[in-house]
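The two complexes that follow have chain A in common; it is paired with chain B in the first and with chain C in the second.
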Partner chain A sequence: MSTTSAIFQWFPTILKGFGFDVLISMLAMGLGTVAGAFLGIGQISVHAWARNICKWITQFFRNAPWLVIIFFCIYLLPFEVQFFGTTIPFPAWIKGVFGLSFPVMGNVSEVVRGGIQSIPSGQWEAADAMGLSRWQTLRLCILPQALKRMTAPWMNTYAILMMATPLVSIVGVEDSVTIATSMLAAMRDPALMMPVYGLVLVLFFLYCAPIALLTKRLEARS
Partner chain B sequence: MTVIPEFFQWLNNHYGLNFSVFYDAFEWRTFVKGIGYTFLLSALSIVGSVVVGVTGAYMLLSASRAARACVNAYVWAFRNTPPLVQLYFFYFALGPSLTHLVGETTPILGNVGWAVVSLILFAGAYNVEIFRSGIEAVPASTLEAATALGLSRLQTFHKVIFPLAGRISLPALNNNLINLIKTTTNAYAIAVPELLYVSSQIWAQNLNTAEMMIVLLTFYLLVIGLFVKGMHVWEKSIAVPGWGKT
Partner chain C sequence: MNSQPDDAIVSVRNIKKAFGPNEVLRGISLNVKKGTAAALIGPSGSGKSTVLRCINGLIAVDAGEAYADGHAVHKIHTAKQSIALRKDVSMVFQQYNLFPHMTVLENVMLAPVTVLKQDAEEVEERAVKLLAKVRLTGKEKEYPGSLSGGQQQRVAIARSLAMRPNVMLFDEVTAALDPETVKEVLNTIRELVAEGMTSILVTHEMRFAREVAHHIFFTDKGLIVEHGEPKEFFSAPKDERTKEFLSHIL
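Let's turn to the complex of A and B:
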């Protein structure tokens, strides 16, 4: 079979795997963003202990290698959990999502903290003068302004996450890289190596480059 | 020095916490070798990627449109594709093809070599962007002053732009180099016996995954913490008094 026809035959499968990559990255981003938002707000808490705990958690997950955290989740999370009598299975890809969302949480926490702290302190004082509580100030005055400044770095975090998503293939999740590798193993044709891995690279590029372009434009505007 | 192995042996016997690397001499040696490879990968790719970054940024200053387009294409390609797939591409696809092309029968670069090359190119693309924005931050009047003094292009770059832009770029560069040290774990995928790889072999043998994970994470956090501290000290020591952020 010629190289082109082999690739045509496998292209839909690889594309499906890439869709799985995108799904995993979005789930991890969602989880990481929610957790990271709380952690980031915790970093500016008025209580020193809460501030310190959140700061340490943030630094821990920002500085630990992604692959090590993914290994951690794959090996140490149970493969199923008993929850009020029902068994919820934990397949490898869900563990992969958790593994990816921890570093995202650390990064988003820093984005949120940076965004909030970039708002001039006059805004806090003005809200204080109007008799708003701390939560009200944060919710009504600070966060709406900070959100705009957080958008670009948040999208950067997503780009970093997307670059790290294929790491789940190392621990056996059926993503585009796993599919490409097993396809190459099945075909046993060294001439296919270059086009197949090249194809995966192109898929990622086509997805990530527009996001990077958009981020750049957002950064330029602010 | 027998205190440490004895303590961890005791911990294993009494609490079932098996930190085998600290009492088993063979595993300790494997572990240290893994640390050695992690340091080797990190050091080579840090130096290489900084060189790539400076060269790329210098080429972006050049008048040739083709040179600028090449550098921009390189930066875009490597910043928007996953480092793991880049590594696979280099090691599995480009490596054998190049070997075939040169007419050699033995691979021209082993897995360690390709891991270093791919890490250098990956981090180098980020470094180009970092140095480029550092160069942009050098005030135009400084460059005019250099021209007025009759400095050539290369002299201006070497004596005026680089010392200033380098200092401006340093915080962003630190971040990227930390990321690079973390990315050396990707070399696991092509069986480079770096720290993560040897640790996985150790836990496959002893089934002490949790303990090895703790050792691994502690090690990486320690190394990265020390690196951050070191770079911070360096950053402070080369700061130009009264210039830039104080």
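Let's turn to the complex of A and C:
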């Protein structure tokens, strides 16, 4: 079988695996963003203890190798949980989502903290002088301004996450890289290696490059 | 509230404040009568702006007492007390500090609606009137970024007035403005004082202080060195530091 026809035959499966990569990255991003937003706001808490706890959690997950965190999640999380009599399964890919969401949480926490702290302190002072509570100030005055400044670094975080997503293939999740690898094993033709992995690279490039481009444009505008 | 002189609406007793090793206020006392304007003048770093912030509780004093419109500012602990004070004593800043993502009207309406929970329609009516008062009719839907510095500062004044305060604090409100827009802001303040709004002005505009204020306080190195009515203060200063300062400025 020629190289081209082999790739044509496997392309839909690889594409499906890539779709799985996209899904995993989006779920991890969603989870990491929600947790990171809380953590980031915690980093500017008026209470020193809360500030310190959030700062340490953030630094811990920002400076840990992603793969090791994924291993921890794979081996520490149960494969299913009992919840009021119903069994909720925890397949490897869900564990992968959790594993990836921790470093995202750390990074988003810093994005949120930086965005909030980039707003001039006069804005806080004016809101304070008008009697707004700290939470009202954050919600009505600071975050609407800070969100704009957070968008670009947040998207940057997502692009980094997407490129790290194939790490889940190491623990057996059926993503594009896993599928490409098993396809190559089945074909037993070393000549296919370059084109098949090349195809995966092109898919990632086509997905991530526009995001990077958009991020650059947003950065230029702000 | 017996510790406050009867005719004083703002009364500060021997307040002290240090930021780290830096003693900014070293025992400042002053009284401001209801319906009058007081000007705080003095060299940069003499603690004028800090005095204002101690009067509305933005900065907590280390020692001494501060009373403003019936509130014992140095004893405020709860959010409720703080809101009551902020409603009665309002402040305008050097950098205007408008919220850039809100329209002019939204800026003016924010505090009465979210803090005082007043009816939005009623507040809007009042806000439109206040904007007319500071001569900004037609700018309601604009964003602060599209206004000149002087216009922004007048929005900030309208925003402060929207709380219907009894005391207004002006912190070097013309210091960041272009010379041509200073006048319009000073005119607005002049009108407010003429209407009987108790005002405390930290300012470097000596001519304006002389003309508008009923009483001048001169601060230097965290102390009030000299105070008095503008006429005698400017024409016959007694203290050496006042003399020197005025000789540089006038």
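To be clear about the criterion, the second predicted complex is superposed on the first by the 222 of 222 C-alpha atoms of A that agree within 3 Å, B and C clash if a C-alpha of one lies under 4 Å from a C-alpha of the other, contacts with A are read in each partner's own complex, and residues count from 1 in each chain.
Just so it is clear, a contact is a pair of C-beta atoms (placed from the backbone, for glycine too) under 8 Å apart; a residue touches a chain by one contact, two chains touch by 3 or more.
Note that the coordinates shown come from a computational prediction; the quantities given were computed from them, not determined experimentally.
Student: By residue count, is chain A touched more by chain B or by chain C?
Tutor: Partner with more touched residues of chain A: B.
Student: Which partner chains sit in contact with A:38 here, chain B, chain C, both or neither? Use first/second/both/neither.
Tutor: Neither partner.
Student: Tell me the contact category for A:132 with respect to chain B and chain C: first, second, both or neither.
Tutor: Touch status of A:132: second partner only.
Student: Quick check for you: in the superposed arrangement, does A:90 touch first (chain B), second (chain C), both or neither?
Tutor: It touches nothing on chain B or chain C.
Student: Would you check which partner chain A:122 touches, where first means chain B only, second means chain C only, and both and neither mean what they say?
Tutor: A:122: touches chain C, not chain B.
Student: A:141 in the overlay: touching chain B, chain C, both, or neither? Say first, second, both or neither.
Tutor: It touches chain C, and chain B stays clear.
Student: Which chain C residues qualify as touching chain A in the complex?
Tutor: It comes out as residues 56, 58, 79, 82-83, 86-87, 90-91, 93, 95, 97-101, 110-111, 114-116, 159, 163.
Student: For the complex, give me every residue of chain A touching chain C.
Tutor: 120, 122-123, 125-126, 128-133, 136, 140-141, 144-145
Student: Which chain B residues qualify as touching chain A in the complex?
Tutor: Residues of chain B touching chain A: 76-77, 79-86, 88-89, 92-94, 96-97, 178, 182-186, 188-189, 196, 200, 203, 209-210, 213, 216-217, 220-221, 224-225.
Student: Would you pull the chain A residues touching chain B in the complex into a rising list?
Tutor: Residues in contact with chain B: 60, 63-68, 71-72, 75-76, 159, 162-167, 169-170, 177, 181, 184, 190, 193-194, 196-198, 200-201, 204-205, 208-209, 212.
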